[in-house]
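Scroll down for the structure; my scribbles are underneath it.
Chain lettering (A, B, C and D) follows the sequence in which the chains are written, and residue indices restart at 1 in each chain.
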């Protein structure tokens, strides 16, 4: 049977079509103000080049921030369970999953079945969320993708960013700019701060190999390298880290439909 | 430029105190190997004299955390504790630092030359003489280290101290003695305790003399700087062993200060503003703060903090004078009173006295997120000083031992503005 | 015979109208009303003095005026109470009684008497050490002094018989609450945690005799209740004071398929798990109950707290513990890591949720709770 | 070239988001500029003053005295003197409204409440604590989350019919709360109103701390947000005066201070 997962995140929405344990197709769009419409749009995009229509989908699980607002979903589940599930589908040996989402960051430990056995989410301080990096990218007038690369090309040494609050980090960055620090060094400092906070979360759930990084920020190479350095492990990163949640949802949909 | 002005003239004796502390920690590790008893106890009214009288090595995790903070290494300990769930907002930064230090194990060679932090305890002794945190903290230490704990208790004196309070303390002292005798297998020699109480009383007397001398203009020493010496008092009061006999440090300090007074030497070349503070200083910015103020001719001449156990609200520290016959009740009478454990009214009275007696121009308090019991009356004190005494007051945000709550740039703006306010006020006073 | 559901509804209403009821109570009876903040205040003495003891309860309103007196790093509970006081919400109180529990509560008392100044005030010097003979002696003297000051204020002698009857009626209340708590042990508890909260809180704001009547009816009705709560996941709630300010989070938990079957909170089980002995001198009996009978993250020794949490967790077959901790509540945060570990050793997972002024919005709380349920539910 | 009997003085306010410069001819505003603080303070402050000079058709040499203020005040090479924002703002406010005794300065990252005497001298002040609610950045972040323009927030909020309660004061939490409301399909204008109420309650708390007195003036970028101003008015039950250019008041104050110092110098 064909199932689907829809992940309405705070920044981007993803939908994924899934058949006999294969990914048929998926779509990613920015989350608009109207999440019901967003859900329909992203679903249509995913369906588009499969020649399928919503009617052909046997079971749909929604997840993410807007999970309760997906009208056509049969069930909703949290991004935590779905990311564990999705990461487990990509890498069956995975035991620790780090999901760096837009509004929050989660460290998840799971068992051999991809079931969550322990998890922790970041508290109010935003360092460690996609939003944080987005704010910083805007402040430095850079694209999100460049941040990672540039942060590895430090000119002097990484600036120290003391503030863990997104808002104050922003003004701290502006102050550094005013003092004429090089962008790369500021970025390096940001990624350091980011990495140390995120690593704290990981060590709360007790990091175990294999370990997977999912979510948009997994594309930030500067951050990934630093995390690997601290963990002394190399991270598995899915070819498209943003769809892990939607995939997990689709896998759950499959399991639920088979019950 | 302000920066070129000479900064604080510091007290020489402080170096000796620091050296002695390093030695005390190193010696403690050695003694522990040889089977001598190590005790972690609380600051304030805990009967340290009793420990010294029974030859127990006495360490203060509170002070240790202040030290790791001023050495700029405490945050890693905080994070270690926070990982286990000791909340950054909820748990006292001293406790977080101390527990985190135990969790993370001390990094090689830290603190420099101290043989790596304070020796691990065989005995835990907590006296609730001000904050409740002390009790929860020591209970947590007991669970973590599996070491016997004795808890002593005093009340919250938002009313005059009564005889029942004194005998309550005295009873817990007696109980404490038998606890310690059980732990050490030694009997307490009353003469030793009498001696220790005497030494302790002597320290109070000397400390009080020194603090009184800062009423001079210019002030002979910086109140922040004097904390270096005061450390000896809260650590080794009642200790007779050299080089940790606190009396000797304070005799030296007194001599040094009297000398300055005689020659009208101030801690600042050009003293322009006399300041008071309440609560704790930010230990990690300790010297920075003194010097930053000094650049602008401002100096802390007194504080509630250093006076916290010399007594200033009419309490007679003479109770513990050398040679006097003592009872546990007497010890209670001199260990219980403590402004930290006073109600708002008393605290305001206390601050007002300091302001008048020390001819204070302004009050700069750290709004201490790290300690609720120290800060709870601050806004009331500030309001009173401003409205009723016309003393400008500044509260800047910080924490005694968690640098993450301290934003240097913002603090600078507030200090600059405030000192400018004082400047204007002076001009107006002098008239055109 | 009234339906359990009806009684529960009426209790909810009682909570919502507590202030008006209190004002009417004064008008009609002419009796005094004394506020208190904590289960370590022996309310038996207050009601023996002919006054109505009322627990002053926090709500979720934003703190504004109190900000000028109490800093933002004191728990919302205390800041919020001072704020309510300043806004005259509790203008019907004739007095306030606060025990020495935590630093924040000391601060609350000091600010209350300074800025709200109810005619009667008493700070109960409760020993921090609960297991020594001299603590008991001190506590008994303290309560004697408290008794006398109340007599002076109300102008009425408190006889030992007054105390005894107060003890009896409050023991009844406690045993009724224990019976209710026993019902929650069942596989399909007939009452939800949110409903229990109203049962508990209503009792804190009304004459205990009336509350006893309601409880008796409720206990008769509940076993026959048809629409029992559906919750799947049996939870234990751990928190300082449990009042309306916790309601939003509780509702989330039970909406998402959980059911709170027991708790470790000041206004919950801590209040009713131990009776006051009925034989012997009543004041000494009260002193004993309110010293040895307490288990709180503030007092030493703390083993009692840990034992109780683990035992109840077992008795009530809970699948998860929720630490619903008020931000800046240092006693609980200091004990939290060890309690959590102790529970983990019993294979009981737990979830920490922080409430307070700068706390998580419901959306965030919802995600955490739902994920927690998905985890324990599998 | 200007008449030597006149006095030309300047004030530069290097803020965390914008830099402003004001030129005075005696106590009258000749010209002012406002640009984004996107570069080193040395550079940006120069740009700001040059722009003001160009408008007044003057050269830097015509300016007798320059005072800098704001976060970058120490990095303004051509300034003769630098003062902090809480000191500059009341001087400027008094110049615009002589009756001003309490000034609320809501800038990008800081919110300062100052009480002053008739000379514009500070008598008491308080800064927001580290949680950024009640600052420009807070509202800016929310505007982004809501996909509305910052400058539109004020009038949008006036259309609100029913109140939405923003429980969290933490910028990050408030943001996810806002997104939550948006996802639930809550009317944006109501959310914005909720945000404004939350901010003004915070400021009200600060006003209580300094024991504010009439007249109350609000300056800084946020003062242009009619929504915040209104809900603050309701909170304190007093009218709030807003200068025509609330953002340049700090720079204006600095310029006045410069004028006075130069006059003393003569």
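Note that in this section contacts are C-beta pairs under 8 Å (C-beta built on N, C-alpha and C of every residue); 3 or more make two chains touch, one makes a residue touch a chain.
The shown structure was predicted, so the numbers you read here are calculated from the model rather than taken from an experiment.
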item	value
Neighbouring chains shared between chain A and chain D, ordered by label	B, C
Leading chain pair when contacts are tallied as C-beta pairs	B-C
Chain of greatest Cα-centre distance to chain A	B
Inter-centroid spacing, chain C versus chain B (mean Cα positions, whole Å)	36
Mean-CA-position distance for chain C and chain A (Å)	41
Rounded Å distance, chain A centre to chain B centre (Cα mean)	48
Where chain A touches two or more other chains at once, by residue number	65, 104, 124, 168, 175
Per-residue overlap in chain D, given as positions that touch at least 2 other chains	71, 129-131, 168, 170, 173, 176, 179-180, 209
Overlap residues in chain C, where contacts from two or more other chains coincide	68, 354, 358, 360, 363-364
Topology of the chain contact graph, where touching chains are joined (line, ring, star, complete, other)	complete
Footprint of chain B on chain C - complex, ascending	68-71, 73-74, 100-104, 106-107, 109-111, 114, 123, 125, 127-129, 132, 134-135, 138, 141, 297-302, 325, 327-338, 340, 352, 354
Contact set on chain A toward chain C in their complex	65, 77-81, 104, 115-119, 121, 123-124
In the complex, chain A residues that touch chain D	8, 10, 33-36, 65-66, 69, 103-104, 124-126, 129, 131, 135, 141, 165-168, 170-171, 174-175, 177-180
Complex contact set, residues of chain B against chain D	367, 379, 383, 386-387, 392, 395, 397, 405, 407, 409-410, 413-414, 416-417, 420-421, 424
Residues of chain D touching chain C in the complex	129, 131, 167-170, 173-174, 176-177, 179-180, 198, 201, 204-205, 208-209, 235
